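Both complexes shown next keep subunit A, but they swap its partner, so subunit B is in the first and subunit C is in the second.
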Partner chain A sequence: MTMTNTSTTAPTLPPADLKPAQRTWRAFRRNPLGMGSAAVILLMVLVALIAPLLAEFPSGYGIEILMPPSAAHPFGTDDLGRDVLAQVIWGTRISMIIGFASSFLAILIGVALGILAAYAKRLDAPISMLVDVSLALPVLPLMILVAALVGPSVTTLVVVIALFSWPEVTRIVRSQALSVTRLPYVDAARTIGGSHFWIMTRHLLPAVAPIIVVSVVLTASRAVMSEAGLSFLGLGDPESWSWGKILFNAQRSGALTVAWWCTLFPSLAILLLVVSSTLVSIAYNDARNPKTREN
Partner chain B sequence: MIRNVRNALTRRSVLMGGVVMAMGMASLSPANAQDAASRIVIGTTADVVNFNPLVGNSRSDTWVTNLMYPRLMQMTDKGSKDPYVATDWGYSEDGLTAWMDIRGDMTWNDGTPFTADDIVFTVTAVTTEKIGVTAGLIPSFVSATAVSPTRVEFTLSRPDSTFLTNIGFWMPIVPKHAFPEVGQVAAFANDKDWVSVGPFALTEVNAGQNYLLTAVDNYPLVEAGKATVDEVEFRVFPDVNAQALALRAGDLDLIANSLPAPIARTLQGQPGITLAQAPSLGWSHVLYNMTDEQLSKLEVRQALSHAVDYEAIRAIAMQGLATSTNSSAISPVLSYWADPEAKEYAFDPELSKKILTDAGYTDANGDGFFDGLEFSLLYEQSAADIANWAQIMKDGATKAGIKINLTGLERNTYLARGREKDFDIYAGNWAVMEEPAAYLGLAYRTGGFINYASISDPDLEKLIDEAQAATTPEAVKVPVQAAAKLISEKVYDNVLYYQTFQFAYNSDKWDGFVVQPSDLLSLVNPLSLASVKPKN
Partner chain C sequence: MHLTGYFLQRLIRGLVTFWFAVTVTFFLVRLLPGDPVLAVAAPGMTEEIRQTQLQQFGLDRPLLVQYFAYLRELVQGNLGVSFLRSQPVSQVLMERLPWTLLLTGSALLLTVILGVPLGVLAATRARGWVDQVVQITGVVGQSLFVPSLGILLLYTLGLMLGWFPIGGAVKSGLTGFSYYLSVLHHLILPCFTLVLAQLASYVLTLRATLIEALGEEYCDLARAKGTRENKVIWKHALRNALLPTTTLIGLQIGFLVGGAVLTETIYAYPGVGRAIYEAVGQLDFPVLQGAFVLLAATVVIANLVTDIAYGFLDPRVRA
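This part shows the complex of A and B:
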């Protein structure tokens, strides 16, 4: 049964007849905050995808320097006379790319280590210790150090953020996977001669998938924040636009206190993304949990 | 035998001379002198890293140590030097000996007289240990002797017309009796128990917060014999935005950093806040790495020079606070030395394309860029003006079919890459370039201290040698102008503009600042802070 069918026939079907994913989706749909937030994220993804259709890449200069929002420039202009709306639109693209790419990388590392720690008892202690040590590190100064040494670029930002984001994912995935490894079907899989890799990928991974979904969204939003922080400190890619870079430009040029539009709109974009991600995660969690799910 | 060859530079009295502009020198009422301790609070954005004035080179270092260790001469807004601690100076007829007379009424704040011995000690330490830029400026120095407490004589290895003015401005004098022996001076931290001779003595240091200096009783370089204000506090702010807010709120009396144009514009109309302007004696420029296969070709550098929208850089990126140097390494602000015939490179991307096409460059893959012409442009990411014009430069080059990739780096990495000559095109600025015969050697001679572009041209070096060996300004002028012309023709350095700095202060509370050129001196030079007085 497809998702569309589910939504049209849902009122007539008793919840017990639905698959877990359908039940989750059904509960999620009823949460207006979750749906609204998901719509905001989807909108941002759309803006990122069609940025070239929405605005020209902000480059060069204009004669209208630091002009407040107007019909011609709805978000105003910066100290080189460039359109802030165009910067925010193109910034969405880079912020999203960095957010999701570093989130993907962090999830990849985090999930692999989390499952490995839960499944291989001998590796649990060293991996857990590594996670504890990594979580105790002063992340921002280290990110600044690495980004400064390697040189600013989108790739650097993605790698740096991912390298410092995976421990949280590992910790969550490990704790979820630990409870699964004790279940009889994992023992059964082992008894019938399933390889370790097969058990981990076919039995443990699906069991922690919902956690991964939440982690992807939250890690991505945190990555966007980290990217904004690093860019604001002047470690962003000088050739591309991100929300953090718009803020950095405003601070660097002295427009921070005199041209509110240079800081308000990128800040709003960051705020919207982070709040939406958090709300989507909460809504998804609630929808997935039978205790909090309606029906 | 030494013959007094009178220094040809303008000479005026210390109080009147060298001063660019004295603002509102209102007379001090007797009541003011009786007031409780007056303190002027000055904003800076960085801590003092080095209290040894011979080593420290950041702006904050200079602002604070300038008030403690005197320079021998002071700089005019034309780049020439006027008497200050030194009252007179000159060269022997053969140019192999130089002499300098100094004031005899100055004492270090521990009561020890300030004498010629201190100058001999300082110059010997600087040259022996090769400390800072000064050592690079005076390669002709052989030895110094204090022939009397107020007179020093220098032996030079060759005639050097820039020697005295270089040590006169670039070498702060440190106390012989309070510094370690020669050989250990550069390593001396000088971070406590300061023995100084400026208008103020450093009394309190709170890193990350503030630096407090107290007026000393004897500072004969101002009319009153000591500074009018009792205390000077340098307060550290996170950035210039925060400084501007503090100035508006009345928590700050003066911002030492030059203001970015947007902030200056908003402070302009504020009641009680006045903006002062000071010319930069340096310039902003781009250097082309001559060790790069493509950039070593004159045609490529010429094409790049015609691909820069100079007007847009000055009008948009600098918001009008910049003046053309006519693409010359001697900017018109140095009116005595500048060549009136110098002309700025025309912004003409089509001409760039023609030059490249004639030189055999093609665009075989049709991507709009000449094949093989892709360069990175290195600049400091946090320098707003340069970051802005780097973008304009990239756009101009694109129009000319040359691909430029922006490489904005944080300050320390940027400086290191510059020193290691690890760049294609280097964007930056020199703070003070006031003595052509001296700085041409530093910047364009093979192995020169700041010859980042690895320029090596025998014809150019011959002209620089000629200029440095000449002993009269007239004899210096011809070769330096010829050198500047050669640099411009060969596009060894693309000098874009010299900047007009803007500084803001609380004019409701303070009066009598003395503006001097460059952001190293500006309103926070010793004479200015010794002269400033509270209103009412």
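This part shows the complex of A and C:
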């Protein structure tokens, strides 16, 4: 489908007055892997949104325990007779909420500190030091400690994951913003009396915006993995389902040694989301880079 | 001369990182919403016990006084008492640390042993089919969720084929050579789980830096002198391409430790990670806190070792 599109549009060069964003979108659209991955992510968002329409919230006990996949239960049932498909669908919701919310928070902190470090010379050393030190530490055990202390809930998970994910964003944003602060237009803005805040939000922020787009996707997919990790260790929200929690249940009940369907489907969901996120960000980077995009 | 200065600088940096880790945990535990007594005693205690605990552990004293007392105890190797086992935390964890070190150490070594040839293979056949396969597998490999991978290996190789034991670190009652053989046998699945989970980042990094290095002028010069391509790759380009990979090893050690926590949980491997999993279930906060401090120390030391290796690998540091 995309191939035929390419062959019909390729001979005509894009008009020169196209905005950079439009050029990027044009190039992105031609990448089947990128488009496919974007479609997968959108589909998962849709599943998360309409979860109540797709399946009943899995609760209580069923009679059919540990049944392999069948017409009635396409993903089989778990040790308490609950439908695994319903768990995966409702898990999509929580995994998505936590992924997006914590990546939003982490990006907010990360971008603010990254730009601040690049712009304010005096703050650069302490912020960079903080980032280096936090990146060197084993994050998962620290998240476990905090999540266990505060008590597991969706809010706890969002805050804890965000709290330990921003340094990565700061590091990338800082290095990108640093190259921009040396450009003449920033000096010019300062010369005509632009306030620091104005320069940072109007000149530095737009310059790092493409990096932020990639960061949102990658941070969100890493957040989904962190959530799955914490839930797998028993720190998930007790009230709701998530992909990690399905794995935790299978591990705790011993179902993972007898029922492959209890662990395979949530695992595939995690893998599909993370692979799609990676491919989307690669495709976006390629589409944005004039060297790799063909027009 | 410069090398000592470099090592000293790295040592100070490591100490600062460790101090930061300890300080952050101390204040997190005490300032977060939640009862600080929980950090030293079992949940569900009576008010009377709570008060005695507050006094006994000095939790009613000013925060800074507590902080310095905590540091003093830490320097002496005292990490508190696990209320669950009524044993010092340091004792509980030190019994388990060797297993975690064995697991992570062997995983790291194997990753490098497998990663270097794979990276070279992909880089020297850039855009060929080997490279394509490596790249696609790399993207999927970087996206693997450690427990999923662990469960997959456990289910297929451990349960269905029965090649490997599915839990524990060693069969009890063995001595001598058969003991070590059993340790190795139990190590293979958890170790491979960790290797597969992190191999992709190493291969992709090495591939990218090696492709860049092979296009550099010094490689062209070596080729112009008539050096065989194999020697150009392994002697000239690889030495330089290994530098960013060494940096990556340092950066990834934190991730490796996190992976070990998850892997040990799946395989019931008796390391620090499994202790964390058990402590989460019982809300044994002293163990959780001590485990983080201990793992942070391990990571800092491992990073220091990578830095020293880097110092020897990179002549610019010595100059």
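Definition applied: the second predicted complex is superposed on the first by the 281 of 295 C-alpha atoms of A that agree within 3 Å, B and C clash if a C-alpha of one lies under 4 Å from a C-alpha of the other, contacts with A are read in each partner's own complex, and residues count from 1 in each chain.
Going forward, a residue touches a chain if its C-beta (ideal position, glycine included) is under 8 Å from a C-beta of that chain, and two chains touch if they have at least 3 such contacts.
Treat the numbers as computed from the prediction; the structure is a model and nothing was measured.
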- Partners on subunit A (subunit B, subunit C) - clash or fit: clash
- Would you sort A:234 into first (subunit B), second (subunit C), both or neither based on which partner it touches? both
- Pick one for A:81: touches subunit B only (first), subunit C only (second), both, or neither. first
- Item | Contacts of A:41 with subunit B and subunit C, given as first, second, both or neither | neither
- Query: Between subunit B (first) and subunit C (second), which does A:151 come into contact with in this model arrangement: first, second, both, or neither?
  - Reply: both
- Query: Touching A:255, do we find subunit B (first), subunit C (second), both, or neither?
  - Reply: first
- Message: Going by the contact rule set out at the top, does A:263 touch subunit B (first), subunit C (second), both, or neither?
- Response: second
- Compare subunit B and subunit C by how many residues of subunit A each one touches, and report the one with more. C
- A:61 contacts which: subunit B (first), subunit C (second), both, neither? first
- Message: Going by the contact definition given at the top, which residues of subunit A touch subunit B in one complex and subunit C in the other?
- Response: 148-149, 151, 234-235, 251, 256-257
- Interface residues, subunit A side, partner subunit C - complex: 129, 132-133, 135-142, 144-146, 148-151, 221, 225, 228-229, 232-235, 244, 247, 250-251, 256-257, 260, 263, 266-267, 270-271, 274-275, 277-279, 282
- Item | Complex contact set, residues of subunit B against subunit A | 239-241, 244-245, 259-263, 265-266, 312, 316-317, 319, 381-384, 387-388, 390-392, 394-395, 405-410, 412-413
- Message: If we count contacts the way the header does, which residues on subunit A are in touch with subunit B in the complex?
- Response: 59-63, 65-66, 79-81, 148-149, 151-152, 234-235, 238-239, 249, 251-259
- Note on the structure: In the complex, subunit C touches subunit A at residues 13, 16-17, 20-21, 24-25, 28-29, 32-34, 38-39, 139-140, 142-148, 151-152, 154-155, 159, 166, 250-251, 253-254, 257-258, 261-262, 265-266, 276-277, 280-281, 283, 285, 288-289, 291-292, 295-296, 299-300, 303
